[in-house]
Every structure is written in structure tokens, then in C-alpha cells.
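In the two complexes that follow, chain A is the common piece, with chain B as its partner first and chain C second.
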Partner chain A sequence: MDFCKRQFTAALIAVLGLIAVAYVGVKAHLQPLFGVVIPYLALLLFFEGIIYRVIKWARSPVPFRIPTTASQHQSHPWIKRNLGEKLDNPSTFPYTVGRMALEILAFRSLFRNLRSELIETPQRPEGAKLVYWSYKWLWLGAIAFHYAFLTVVLRHLRFFTDPVPQVINKLAEVDGFVQFFVPTVYLSGVVLVVALLYLLGRRLTNPYLRYISLASDYFPLFLILGIGTTGILMRYVYRVDITKVKELALGLATLNPVIPEGIGTLFYIHLFLVCVLLAYFPFSKLLHAPGVFLSPTRNLTSNSRMVMHINPWNYPVKFHTYMDQENEYREAMYEAGIPVEIEPETAEETEPETTETEGEE
Partner chain B sequence: MATLPKPEELARSIQYRVPDRGWMEVKPEFRPGTFLNAASPKWLEMVSYPFPREWSVPDEDWQLPDNWKEIILEGMEDRLNRFRTLKLFFDICVRCGACSDKCHFFLGTGDPKNMPVLRAELLRSIYKRYFTRIGKALGDLVGARDLDESVIKEWFYYLHQCTECRRCSLFCPYGIDMAELTILGRELLSSIGLNVEWIMASVGSCYTRGSHIGATPHAYKDMIDFFAEECERVTGILPNVTYNRKGAEILFIAPSGDYFADPGTYTYMGYLLLFEYIGLDYTISTYAAEGGNFGYFISHEMGKRLNIKMYEEAKRLGVKWILGGECGHMWRVCNQYMTTWNGPADFLEEPVSPITGTKFENAKAHKMVHITEFTADLIRHGKLRLDPRRNAHIKLTFHDSCNPARAMGLFEEPRYIIKHVLPEGNFVEMPPNTIREKTFCCGSGSGVNADEFLEIRMRGGFPRANAVRYVHEKYGVNHLGCICAIDRAVFPPLLQYWVPEVDVTGIHELVGNALVFDEEIERTTDLRDRDLVGFGEEEGGEDEE
Partner chain C sequence: MADYKNEFGWFAEKPTVEKKIYDRGKIIIGLVVFLVIFTIAFWKNLGKAIPPPQPSLKTPAILKLPEKERKCVEDRQFMREKHMRLLINWRDQVVRTGDRTYINSKGQKYFISLSNTCLQCHSNKSQFCDECHNYVAVVPNCWGCHSTKEQTVAKAEAK
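Coming up: the complex of A and B.
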């Protein structure tokens, strides 16, 4: 099978396999395993894995101040910069925080996205021209997916809290404001699945994206699609007993796990896929979520000429000194009228100096 | 040398199509015109670089050291521990593809491995395989693959089809910077003796003699003296130039490209005329004779070994601060690396313009000022008498060089100067998606401007040339302005190929044209001996504006 198909199929089979595992598990009455042990293990892996990874990143040094500057730098006071420019090339810490906030909350860089196309142009001697246009679809898909996912996660807190905080109820209310179906349809769930299908669709239809896509790119897409689909099915089609689900969830949250009888298999599949997502997170590209906070091209203030940036492992290097140059060319420099440290006659009397010198730090 | 296809053939050959086989199985073909020559051993010996030997890129056997694999893996581990960027950028890419069509080499070749995401994957796959458990377990399903010689060859090929321009990093939602990966990847290649002749020759010459072009101190002086004489011939004003003068207020450092060949030389004449006009107390050095830094194109360490000359010489001469010429990667290095490498520059003073009294607050620790910051300040304070009509024959568009754009943010200063030295209406911008922070590389940055690489350079420069073609056709633009010496060296052949009607100029050449001296002779030509438009016939054509 060719490379691209193999990547796609492997991820699909993996997720279908996981669903089968959960299904068989529940049929074999392993509810305690799938309802208690695995969720705890997954949470442990999730938090431990992320903390381990973030510490590992954070402990590795940032030797150079290399922000990508996306607008005019701070220069003469009469070169005015608007707020957007100050955020795109921040010269002080507060603006750097602002840049990061925009990056994390609004996907600033992705918002810049362009598309290019090579168009046949017979009137040009080379017969072709490149054109570019603003292309916000990827930004829209990404932002829709991430905010929908966040809303869904927050909404789920009502299973883990008793009494449910007002904020969560309010959120659920807003999420379900379009009432066209009973029970109330939460928009976030719909948006989540639609955005996921878009993200998957572009990977499959754009030949270049298909070419670079790995099983590790498809896998989280299928996994979250599976989670979303099972969630939606549970709510609107094959209803499960919500009170019993809440009993289990509360038990987990209060470290007093119980396995209520009679929760449907669909729920355990849903829960298992969530667990896999949590456990997989720290080993995968999903690490982009904590990683973006630490990205040196974004989170560094652009003030390298105002404040000296320290490289913790800076070391002295061997270099060619001025005297090395003069010793080699003294005669010629002198003749050309270039000032020298030691005049040629004096130099002849003394031994030539060493050629290479260790730099001092 | 390889024959270069005609522009229309080359444009037609750009097919945005992917190969049938997966990228791990497809290997680059070293076709003349698409690879850089191997470095000869003498340059490596000059700077004590490892494994100097005679080898050739098209050869099957690259004569790698026996333990090359160990060296690469240990080198990678070492860099993972020293650079957060490397570790982070390996871990967090989601392959969203936002960067893919942002790279000029991708746009000009259509080769999927020139999408920054996949170019990075060439390195990432080795990291995955040898430094992550999931990569060891799942192999190519998570993008991991074994390290063999073909991987090294692939790195050599594609890491020299990245000019470290950072355009991809602008669009990446996580700020992943291909330039950083290219720099570290090239360091790894150097560690097993794989270097490029063009870069290593420049590095060796710069290290031992003072500049990339390898001019000896006295030859260097001859060149600059010649420019001063040329200034006198055209303007009647002979700029006074001093070399290695102790006690000068300012040390001026320009890239060697500006004294090596046209049209950079005219920019150098512009510098000299400007300094003479304002009576600047400055000197230039035969030791810190190079603004550019090809060392940075092979390793951080070599970059530091060349860059250190600037502060060392400023200290020896006892100047107050340093003024830097128009150069792209020079300013990437000076802005983002110099003080970290070789600072603190506490032996210098906070830069103050001796003419206007302006404090350059934004350079207070670094003590080096970009010449466009300096000149824009002079113009702002009305210190220069300029006659823009002397540039009336020039219809200009401005190319933002990658490094001052995306590693500094120097956009307004050069434009401010341009607007004051050109007649109104003679300056037009290229389309907004191709300028400022979104600017396209010239296609020959980061040390790949060698002759044997012409085909790839013409491809990489296609997006830029294409935008120049647009303003040429629409507005009759006949000059491309820039503040980079590599631009001035590589745009002439690039534009000759794609848009032959457009010439290349530095910004201070335009300043030199426009400056009105009290004692000058009648100016009938510009610094290039081209006739001025509307001058010469009637007397008194040089009234104040």
C-alpha cells in the first residue's frame, strides 16, 4: 500500500480497534476497568506527561533572542506605531504578553494566512504569474474546532460537580440557545464535528497535505470524531441514563469511584476514547497546546539592542585578532598609509607574535 | 556549468504536483544547477573545521568519517540540550500546512520537500526515530525513519534550499522557524565535514584577511580610495576617508558586497558622500572590514568567531559607537546575536548622533546603529539639502530584505529616506502580500549565491521577480531598491533573467545622487554616470526644492 494510504488506514484501524476494545470489554463485564482504572491511569499519564514535557522544554535554554518581527520595530519617536504594530513586534513585556494572548486566543499568525496560485499568463514573457490572496478558512476551521472543544469540555463539568456552578449552567444555556430539537441541541457539538470534518477533508483533498500527513495526524482527528459522534449519539439517539453517568463521574471526581448498573455500552466507548486521547496527548503533536506558550520566536520581547540577552552556555571562541592581521600585513599596511600598532622597523627587532588567540569572555 | 533553462521553460516546469511515492522513498537528484559545490579542504583548515577532504557532491561516496552516524546523533542530542527551539519545534508541529506555500523555493520549484513543513520533517524524522519512544515503536506512522547516508544527502540538498528568510515562521501558528532548523542542520552537516565551497571560501577569507572577498588591508584601502575619487569625479567633492584611525567618534562597518561589485559600489559612494556632507568623525577598519557574516550560515560558533571582530576593533580604536551599513543578514546577526555572543559592549557609549543630538534609545545596550536609522534622523532634522529631481530618472519600488524585515522590523526608515530623495510619485510599493513582513527572499540569501546554483536561485527568486514584474508593467518601475548587499549582488542576474528592464540600487546611492553640496561641480550625471533627466541644458537647475 502506498505511503499516504497506509498512514490514513493505520489511524482509522487504530481508532476502530479502540472502539472494539471498549465494546468487547463492556460485554465482558469489565466496567470497573473501563469506568475507573483506565480513566485514572489516563489522567495520570496526561498530567504527568505534560508536566514532564513542559519542564523539559522550559529547562532547555533559549540562547538567543530571536522573535519573528512582524511589523515596524521601536525606533525614532516620530515613527509612530499603532497598537497592532506594537503587538506584532513588541518592545516591552506587556506587549509581548499581548502578542502571546492574541496568538493563543485568536490564532494571530494563522489569521495572516495566504494562498498562492500560479496562473498561466500568455501576455507575460515567462508565461505565468503568481498571485496571493487572503485565506481565512484554515483559521476559521481551527478556531471553530478549538473553541467548540473547549465549550464541550467545560459543559461536561456539570457531570463532575454537585451542585453545578452557575457559570457552567449559563454556558450550557448559551450553547443551546437555538432550540429546534428536543432535547436542546448544543451548537458546540455540531460545530466540533463539522470543524473536524473540514480539517480531515482538507488533509485528504489537498494533494500536498495528503503527502505530508502521517498516521499521527489522522489518529487524533478520528479519535476526536469518535468522541464527538458517540457523545452526540448518546444525547440524541441512543439515550443513556444521565443520572447514572453523573453518579460515575462524581465518584471519579471525589475519589470515591462507583460503577452504577446499566449505563449503556456507548458511554463506555465514549469514555474510553476520551481516556486514550488524554493518554496520547503528551506523546503527540497535541503538545502544540502547551508548546505554543514557550515558542521563542513568539514569546520573546524584541529588545535585543536595548537589553543584553544572556546565553547561559556562551563560551569563548578562537578568533583572528587585529594583531594577527597586522603581523601578517604590517609592511604593506604601513606603505599604504594605514596606521599600525608597531612600526615595521620596530617589529623586525622583536619576535613575531602568536597567530591565534583565545577570546576572553 | 549547467545550462540555465529559458524563463518561459523554467516557469512552465513549475508543476505543483506530488510524486507517486511517499516522501521517505523519494531521494533528491543532484542535477547541475541545483546543488552547491563541496568546499575544498584549505578553507576548512583555515578555520580548523573538522574533516577537511576533497569530495564532490555528485559522487556516490561522500567519504564521510567512519563514525559519522555517531557524530550526527551526538550532535543532535547536544543541540537538543542547548536550544529550546530545536526540541520544541520538533515536538509541536501539527503539519497544518500553513507554511507550505509561503516558501519561495517551494513556489519556484513545486518540490514538496521545499514546503518548510516537510523540509523540517527531514530532520524531525531522525529526532523521532532516535530520541522519542513513540518513534522507535511506531516508525514511519509517526514520521520516524532510520538515519543513513541518503538522509544526509537529502539534508545537504534541501538545507541549502532554505535561505533562512523566516517567511514560514511568520505564518506558523506556533512560530516554528525553519531558519533555526536550517542553521542547526547545517551545523550537523559541518560536523561531518560537509560544507559548501562558496560559504567556506568566504568564511576562510573573512577570518584570515578581513572580508568575504579576501581583500588584503591595503587592497581594501585602494578600493575605498577609488570610490572617493569617483565621488570627486562626479560631484567635485573628494570625501576624506580614514582607516583604522584611533580616537574617531564612530566606526563604520559595511558589508564587503558594497565595495566588491556594482551596483553595491555606488551605495558605498553614497555612504562616503553622506559622511563628508555632515562632516562625520568616523573611520573604517581593515580588520573589521566585513559587515556580513557567512560564518552564521554554517554555525553559530563560526558566526561568533567572525562577529567578534566588530566589538574588538571598536574597543581597540576607542570609538564611541558603531554605524552599520545596508546589509541584510548582517543585521540579523547584529540585532539578534551580537551582544549575546560578544557583549556587553560597555567600552562603548550609548549612540548619539553628533549632528542632531538624537539618542538612539533602541540601541542603547548594543551600541550599533543602522545607517537608515541614522540618515532618516538627519533628514527629519533638516540636516541634508536634497534635490530629489536628480533621481527623476529612477522609478523605484522597495524590496524589504528578509532579515531587516522579519528579524528586526526595519520598514519605515528606508521608506522615509526614499520619499525624501525621490520626486513625488517615483516610488511605488509592490503588492502588499509580497512586502514588509511578508516580503519574499531574493532566492540567494544564506550563502547560496554561488554561480553553480543559478537554476535554483532563479527559481527561488521567482516570487520576488514576479512582484517586480507586476509593478514594472503597471507603473513603469525601472529600479528595485534594497538595503542588503546580497540583494545588490544577486538581484541583477535575477532581474536580468525575469524582468530585464529593472535595475538594482541601494538606498544610499539615491542619497548620494540627491545630496547638494555647496562647493560641488555642476551635476549632469548620477553616481553611475547616467545622464540626469532635465539637467544640463538650462543653468541653475539645482535650485532648492
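Coming up: the complex of A and C.
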């Protein structure tokens, strides 16, 4: 089995194994474990892990601005900059907030994603030409996935609150506006799974991407795909008793856990996969969520032309200059025929001085 | 702390960087906002005990039945999980074929009608249907057509 297939299969087997663990666990009547203990442990790991990571990141000093500009730096007043340029290369705090907002809410840097291609045609006798294309599909897949996932998570608040906030009800109403099927199909669930399949297919069909994809890239995709699929199956196909599910969820949220009888196995598989996602979060690539807030290339104002940034741990370093070098090896250099600044004869006359200065230092 | 020389030349010593949390204020604010938002369900429910819904079966029509016959078309677990699928399948069946008979898993025949059979027994919409629907924030669109004649049905049954 080659490298790519091994990475893919390892992740797939891991997720299927997790599903099997939950299935066997529930069949062995371990509901209190899968319904109460694991969710609380997973939440604890999630919060603790994220706080640990963020504090670890914060311990790295960032003394310099990293502009990584995609546009014109602020410069002379007669070099005009439009709004886009000011947002891409902000020189003031409000524009930096704007750049962060564009990055976090609209995935600005993914929007700039390019596809490169070597074009070889008979019309080009000089050989293949490298061409860059605008390529928005990754951006579209990513933004569809993230917003669908956000909507799904927010909608799940109806299981954790009583009475359910009006905002959540409105969100669910808008999400299910197609009024297709009973219970109403929520578009976010469909978009979530379709976007995930695109993101997975992208890794599998593009040979370059397949080559750099690791098990840790596939695993979250399979895991969230598993969560989405079990959720959709539970809602539309193999129903579970939703009031009992809410009893369990509210029990967790009120710190007064209960395990109601008669919830289907599918629910526990769903819950277990969510717990695994929460616990896995602080140890994985998914940390880009808090990480984006701490990206020095995004959150620092590009004012290095206006403000002097001094390395806080800088100290004067003694340089060993060329003349020091020559003074040391003048004879040897001369004998080897290497040109020297001062001939050895001349140097001998002034030698006492040079040795003195060197001694002083 | 100074520079040093070895056989390869002069080198600056590896800088020692102060071990501390940089931008402490911003980091703490960020973490607090994250924690508060992500634990909102805990805050909202703090110290609350929310009783599970108890759909009432005490309607005149049900009480009139002998104890043994107080059964719905399917068993309790099925109805709890899948009554919405059942109702929507009935709707499709009646609208498309006009066939108003349902044969349940035990082979018993039932007359299909939400207003006239289901709601005849369960005449107490607010204590039965709404009890769970409100609990899990579900808004079924049955009531758009099958208007709630709760009061009149209940009264008619009581006579």
C-alpha cells in the first residue's frame, strides 16, 4: 500500500473504529459512560487544551511586524492607496481590525488562492509556460463548510436551553425555509456534508494534494462527515426520541446529568464522535480556529516604515572585521599570493600600534 | 552575555528571551470571551432544574375507554420517535390515493384522520402535542390546516 493510501485508510479505520467503540459500548449498556462521563471529559480537554495552547503561543515574543503585504505599504502621501489596499496592508488599528474581520469572517487569504499550471502547446516553441489562474473553489468549499457548521452548532443550542432563545428559533426557521420533507430539511446540514465531500474529494483527486495529505488531514474530515451523517440519519431516517435526547442534553447543561431510557444507539454514536472532535481539537490542525486570531501576519499593523521596532533582546555584538582577519593572517596570505590591503613590510612598521589596539579591545 | 569566538569565528550567543505571556491583557480578554461564549448553555441554565415534558393522556375520550384498549395505533416508543413520519405518510397516502385505512404492525386496521381520530382522543393539544413540541422547539405545520378546535372538541367529548 503506498503512502497516500495508507494515510487515507488509517484515518478511515480510526473513525470507523470510533463508531464501533460507541456501538459496542451502548450495546453493553455503558450509557452513563458515553452519555455523561465522556462528554464532560471531552469538554474539559477542549477548554483546557485551547487555553494551554493559546498561552503557549502568547509566550513567543513577536518584536517585529511581518507585513507580508499583498498591496501597497503606506508610503509618501502622493502614493495613493484605495480601500482594498488599506485593508490588505493596514497602517492603523481600525484597518487592522478590518483585515482581521475579513480574514475571520470572509476567509480573505483563501480568496486569493491561485492555481498554477504548466501550459504546453505547439504555439509555444519556447516550451511550457507557467500560468496562474484565479481559483475560488477552495474558498467556496471552505466558507460553505464553516458557515454551515456554525449554523448547525448554533441550532443545537435548542437542546441545551429551555426556553429556547428566539434567535435560535428564527435561525432554524430560516435554515429550514424550503419546508421539504418531515421533519423539515435544514439546508445547513446538506451544505455541511456536500462541502465536506468537496474538501475530501479535492484531496483525493488532485495528485499534488494527495501527495501532501496526511492521516491528520483526513481524520477531521471523516470525523465531521461521520457526525454530519449520523445527525442526518437520526433526524430524517432512523428517528430517535428527541425529547429524551433533550432531557439528556439539559441534564449535562444543568450539571445534573440524567440518562433517560430509550434513546437509540445512533444518538450515542453521534455524541461520541462529537466528544472525540472536542477532545481532538486542541491537538490538531483544527486549532487554526483560535490560531487565526494570533497570526502575526494578520493581526499586526504594518507600520514598520513609521515606527521603529527594536528587538527587545538585542545587544551589541563585537564584529570581527576584515582588517582584524588580515592582521591575524597577513604573513600567510602574502606567502600564498593572496592580495592584502597592507603589505607585510609596511605593516611591520605600524605593528606595535595594531597589536596595542587589539589588546585594548 | 556576550559574543564568543571558536575555531569558526565570532558568534553571538543565543539570545535569552524573557519567559512571559506577551500581550497579557489581550490574551486574557480573548480567552474570557471564548470561555463565556462557549459555555453559554451552562450560564443560561445555572441553578435551574428543568423538568421533562409530561404529555397528558387524561382526556375524556381516553378516560372513557376501558383500561385495556387505551392504545395508540402503534406502541409508545414508535409514536414518540416516528409519529411525524407516520402522519406525513398518511397525508401523502390520503391525498394521492384517497385510501384512509392504516394497517399497523399488529395487523389492526385504523381510520386515517388527524382531526377526527388522532385529535379525538388527544383533544388536549396544549397539554399533549405542545408539551413536547415546545420543549424541543419544534413548530410542525399541521396546525396551519388542521385548526385547533381544542375547546370545542373537548367540550363535545365531555357531553
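By definition in this document, the second predicted complex is superposed on the first by the 316 of 361 C-alpha atoms of A that agree within 3 Å, B and C clash if a C-alpha of one lies under 4 Å from a C-alpha of the other, contacts with A are read in each partner's own complex, and residues count from 1 in each chain.
One rule holds for everything that comes next: a contact is a pair of C-beta atoms (placed from the backbone, for glycine too) under 8 Å apart; a residue touches a chain by one contact, two chains touch by 3 or more.
Bear in mind the structure is a predicted one, so any value in this text is a computation, not a measurement.
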Partner chain in contact with A:317 - chain B first, chain C second, else both or neither: both
Partner chain in contact with A:329 - chain B first, chain C second, else both or neither: first
Which superposed partner A:33 touches (first chain B, second chain C, both, neither): neither
Which of chain B and chain C A:241 touches, first, second, both or neither: second
Which superposed partner A:190 touches (first chain B, second chain C, both, neither): neither
Which superposed partner A:62 touches (first chain B, second chain C, both, neither): both
Chain B versus chain C as contact partner of A:47, first or second or both or neither: second
Contacts of A:73 with chain B and chain C, given as first, second, both or neither: first
Comparison of chain B and chain C by chain A residues contacted: B
Set of chain A residues, in rising order, touched by both chain B and chain C: 58, 60-62, 313-314, 317-320
In the complex with chain A, residue positions of chain B that touch it: 7-8, 10-12, 14, 16-18, 20-25, 48, 80-85, 87-88, 91-98, 100-102, 107, 112, 115, 117-118, 121, 132-134, 138, 140-143, 166, 169-177, 180, 207-210, 216-218, 221-222, 243-246, 286-287, 300-301, 304-306, 308-309, 312-313, 316, 335-337, 339-341, 343-344, 358, 361-366, 368, 373, 376-377, 380, 405-413, 416, 431, 433-434, 436-438, 462-463, 466, 469-470, 498
Partner chain B, residues of chain A touching it in the complex: 2-4, 6-7, 10-11, 53, 56-58, 60-66, 68-76, 78-79, 88-89, 91, 103, 107, 109-110, 112-116, 118, 124-130, 132-134, 138, 142, 206-217, 283-285, 287-288, 291-292, 294-298, 302, 304-311, 313-314, 317-322, 325, 329, 332-333, 335-340, 359
Chain C-touching residues of chain A, taken from the complex the two chains share: 47, 50-51, 54-55, 58-62, 157-164, 168-169, 172-173, 179, 182-183, 239-244, 246-247, 250, 253-256, 260, 262, 264, 290, 293, 312-315, 317-320
For the chain C and chain A complex, residues of the former touching the latter: 1-3, 5, 9-10, 12, 15-24, 27, 30-31, 34-35, 38-42, 44-45, 48-50, 52-53, 77, 80-82, 84-85, 87-88, 132, 134-141
